[in-house]
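Here the structure is laid out as structure tokens; the discussion comes afterwards.
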Amino acid sequence: MRELVVISGKGGTGKTSLMAAFAHLAEAKVLCDLDVDAPDLHLIAEPAIQRRGPFLSGHVAEIDPAPCTGCGTCLEVCAYGAIQARGASFAVDRGRCEGCKVCVAFCPGQAIDFPERLCGTWYQSETRFGPMIHAQLDPGQENSGKLVALLKSQARKHADQLGLDLILSDGAPGVGCPVISSLSQASLALLVTEPTPSGLHDLERVSDLCRHFRIRSAAVINKADLSRPYQAAIHQLCLERSIPVVGHLPYDRVVTEAMVRGQAVTEGAATPFGAQVRQVWAELLPLLAVSSSSSTQENPS
Amino acid sequence: MTATPIRRLAITSEGTTLADLVDPRFGRAGGFLIVDLESMATEYVDNGSAQVRAQGAGIQAAENLVRAGAQALLTGQVGPKALSALLACHIRVVQGVENMTVGEAVAGFQAGRFAWSDGPGY
Amino acid sequence: MIVAIASGKGGTGKTTVAAALATVWSRPVLAVDMDVEAPNLHLFLKPETVAATRTCLEVPMLDVYLCQRCGACADLCQFKAISLMGSSLILFPDQCHGCGGCLRVCPEGALSKGERELGTVELGFTASGIPCLTGRLRIGEAMSPPLMTKVRHRMHAIADRGTLDIIIDAPPGVSCPAMTAVQDADVILLVTEPTPFGLHDFRLAWQAFTPLGKPMGVVINRSGLGDDGVQRFCREKGLPILAEIPFRRDIAEHYASGGILTDLDGAMAALFAALAPELERMAGQGGDASHA
């Protein structure tokens, strides 16, 4: 099984737009949207949901006012400021509750319940690009990486069932838990960056992360013509770290125009930008060590 | 390989029989097959308690193995924390065991084809 | 007054707006970068660092001679930071969330306070004297909220509630880290872009932040780029659009060279200078604005 994970460190560099194009160009794969906090791939892929499931993670404390004696022990032991006075009793602020169980353990009246927390929903869907596994975390929920792990596991199972050997995963911004979880068992991480101070800074951090977890990486510079000095700086960084740069894509409105139409930038009429994205995909394939699919011809109309 | 004879061998497994494939993950594996290498009796240990964890799945899985009395583990990859837990409990570990059935993994182990793993797999 | 600048989608321009606003803010202000996973505000404000504090979380340490291996700590810990395996009690400090429960529950007093490094909190001053606080997560540290909470404590200590206003550059998204960043705000400024991805994630942000009951205003960045879905959504939900930054190549290039938007031209400076009194008015109003 081969898995390409597309990450960026910095948000807004064009991960999902590129992923949509790869989804269009690649054959015989399962798509996976691991940005469960703010997923966007479905806006292009237009999934038809086949299966869904609840995502339960951790617990949350709930104070039952009936047995509560108002002693305030819970307030005293809570390290997260999640307990507030309410009338003669106390109440838990679900948004701040860490699910540590300390108040539950120390309540002298056993007045605190500790149910599992419903954090979101995951989906297995069909799209015009093939099967897709995705999810939506409920707003404000913890993003521990467990849902990401669940989606990756579902994608692998589904790929095995269908006899497919490639998973394309759209990652999350940042370098925390969800990104770490996204990188697990990845064959290659594609780092999408932009030639700006933030782009360079975050590329370094996300590359550090890949090195820390020993994941091979490659880079693509999006909006490459915005700054020559920063483009050069990115090349220098990649050279120092032996990260192959698989392409430079110019700052081009066609990406947004395609997004507004609900299409990947390689769908519809041929454009120079689309041709360059195809070239990036062609450069990536040998790095992924997947057998090349039969060439997809650019639609001349 | 080792001087101490291993009798109870654990293998991360996608199913409950020797014909099932080795699960390459440890912490989030579905379960383990515990094989008594003398009698070749097998016992399946469900790893659901680890899978449901948001964090610490590998550590819970290690606890599950200790409770099941495993002396050694065959699997694909073990994360650094789970590995230190297993070694602290004197459970030897072989990593890189994947793309084969549990039965094939056991045979490979008995034939001395595997080496113990020292470092974390991620 | 505390302003938090947030968004659903990454890359919409939070840091761009935060830097510009801090530069033209008419009262003394503290700029805080709470995007601890990918802090970028300092790249534009360019503060000279005067202090970098290694910041840690309290995690348990075990005195093996006092430990009777009763397992009470392992039973309580929800995060597998302590595990009783066979006859060994093993600690995993990376898992610890710092709740202190194990320390409280141990009958032998065998656990004491150790530490795990979360990252650094840096204090610096820009050339014009604006204090800047930056949280930077250690690579390999998985959780942002504990470090963000340390930044918040430092922020409050410095600003002394009322002496300095605070402008917070929040992380993107709507999960735990974003919620942690905005919780002290008197007003939330949401930055979005008028594209389908922008609108989708903006809606998520609105859903996540509305229950907090804080007034919310909107800045639309790269206006003219996509379609008018975002504007329509704002009208529908009664969200005031406080500014629209046009989609212009020269703005993008200025940003790409590390420039602050208010330095570009008089129109940009005026746009941000006008934001401040609007935000102040909304903050003063309290929580009755923008409830759908």
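Lettered A, B and C in written order, each chain numbered from 1.
Just so it is clear, contacts are C-beta pairs under 8 Å (C-beta built on N, C-alpha and C of every residue); 3 or more make two chains touch, one makes a residue touch a chain.
Owing to the predicted nature of the structure, the values given are computational and were not obtained by experimental measurement.
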* Touch graph of the chains shown: is it line, ring, star, complete or other? -> complete
* Asked: Taking every chain's C-alpha mean, which one sits closest to the mean of all protein C-alpha atoms?
  -> A
* Just how far, in Å, is the C-alpha centre of chain B from the one of chain A? -> 29
* Between chain B and chain C, what is the gap in Å from one C-alpha centre to the other? -> 41
* Roughly how far is chain A from chain C, going centre to centre by Cα mean, in whole Å? -> 19
* Structure fact -> Going by residue number, chain A touches two or more other chains at 58, 142, 145
* Hunt down the residues of chain B that sit against at least two other chains at once, touch-wise. => 53, 55
* chain C residues counted as touching two or more neighbouring chains -> 79, 142
* To do: Sort out for me which residues of chain A touch chain C in the complex.
  => 9-13, 16, 37-38, 40, 43, 58-59, 77, 79-80, 95-96, 98-102, 105-106, 137, 139-143, 145, 172-177, 180, 194-198, 201-202, 205, 208-209, 212, 223, 226-227, 229-230, 251, 253, 256, 259-260, 262
* Structure fact -> chain B contacts chain C in the complex at 53, 55-56, 59-60, 62-63, 66, 81, 84-85, 88-89
* Asked: Contact residues on chain B for chain A in the complex?
  -> 24-25, 28, 52-55, 57, 77, 122
* Structure fact -> Seen from chain C, its contact residues with chain B in the complex are 79-81, 83-86, 88, 90, 92, 94-95, 142
* To do: Under the touch definition given earlier, write down the residues of chain A that touch chain B in their complex.
  => 56-58, 142, 144-146, 149, 153, 184-185, 213-214
